[in-house]
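Take this structure, written in structure tokens, and hold onto it; I'll ask about it next.
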Amino acid sequence: MVLRQGDDVFASLEALMRDEQIASASIRGLGFVRTARFGYFDFARGDYDPREFADLEITGLTGTLAWKDAKPAIHAHATGAGRDFQAVGGHVLGLVVGRGSFEMTVNVYNQRLERRFEEDIGANVLQLE
Amino acid sequence: MVLRQGDDVFASLEALMRDEQIASASIRGLGFVRTARFGYFDFARGDYDPREFADLEITGLTGTLAWKDAKPAIHAHATGAGRDFQAVGGHVLGLVVGRGSFEMTVNVYNQRLERRFEEDIGANVLQLE
Amino acid sequence: MVLRQGDDVFASLEALMRDEQIASASIRGLGFVRTARFGYFDFARGDYDPREFADLEITGLTGTLAWKDAKPAIHAHATGAGRDFQAVGGHVLGLVVGRGSFEMTVNVYNQRLERRFEEDIGANVLQLE
């Protein structure tokens, strides 16, 4: 999948999952983003502390596509770097493609995978047989 | 493969290799780790200088599974980031899953791959035909 | 593909593309490099601002192999870290393998992919159907 300037990476992946009825997939990607929103989980608060970065070369995105309550559930982490080449990264909350493009490889699997909230862990966990 | 809090990533991969008789594989992963031990090779000393990091989101792990002297030989590198989103990384000496989970994709190949110590390079090198 | 000390990663990939007539592929890799040349695109100037790093563990390389004007067109991003484990990264302009080896996984696809310069974006973009 090749995204272009202004595209929202997660919205594009969700549309792909619905259109192609993707049961589950592994994804990876690289490209230039105008904004990257990363999060670091605060277990006390039960939510991600967000931080936004502008104009990053995403040097590596990796993730999984699954479903939760019949809706697409995307889990992705990424690393990126700006003009100073110092890398930053985290759990991806959102990415908007910048000038140029963003290339993704989606390895589709036939087995439908679901995420489920596991009380004891306090997180949505991918369920395998 | 989905690992959970407290799991040792390498021990889990080694068990998978033995149980499923995996001839060779490429792996990648993402998740939250309680401890990450990275190493940087000191060729003078012939060993890795280790450094341990706590509570990292692993933003990308990539590696290969092979065999050496009939034992699993895992080679993996990873990048991660903590609360400040500044990325660190290196050769992986060990990872223990933190609160939450760690997701890995294992692409299995039929060809058995071995690592062998190459004297002139001074390192264990994956042997291809 | 396993490269060794002194090998040029892009030259090796280009030779592989020609020898094996690879229509397109996704690549990923890890290993130790003597020199990594990363670039950050300056849209005003229309070229990459380069920066060279020495003796890096590449903690993750990801990219795509395609063709442009009948010549191999490699697009790769990478993250790496040196002795201090602080990660750096960017668009890859060049990599030379250091002492040890560099392991790459090449997932080959049958569909030939081309890059084409898109005037409005000002960049070479991978063309999918």
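A, B and C are the chain letters, set down in written order, and residue numbers restart from 1 in every chain.
The criterion applied here is as follows: a contact is a pair of C-beta atoms (placed from the backbone, for glycine too) under 8 Å apart; a residue touches a chain by one contact, two chains touch by 3 or more.
Being a predicted model, the structure only gives us computed values, none of them experimental.
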Query raised in the report: At the chain B/chain C interface, shared numbers over all numbers used: above half (same) or below half (different)?
Result: different
Query raised in the report: What is the size of the turn, to the nearest 5°, that moves the C-alpha atoms of chain A onto the matching ones in chain B?
Result: 120
Query raised in the report: From the C-alpha centre of chain B to that of chain C, how far is it in Å?
Result: 22
Query raised in the report: Going by the touch rule set out above, which residues of chain A reach two or more other chains?
Result: 28, 60-61, 79, 86-87, 89
Query - Contact set on chain A toward chain C in their complex - result: 1-2, 4-5, 28-32, 57-61, 79-83, 85-87, 89, 99-101, 103, 105
Report task. Could you please specify the touching residues of chain C with respect to chain A in the complex? Result -> 26, 28, 38, 40-41, 43, 49, 51, 53, 60-64, 75-79, 86-91, 107, 121-123, 125-128
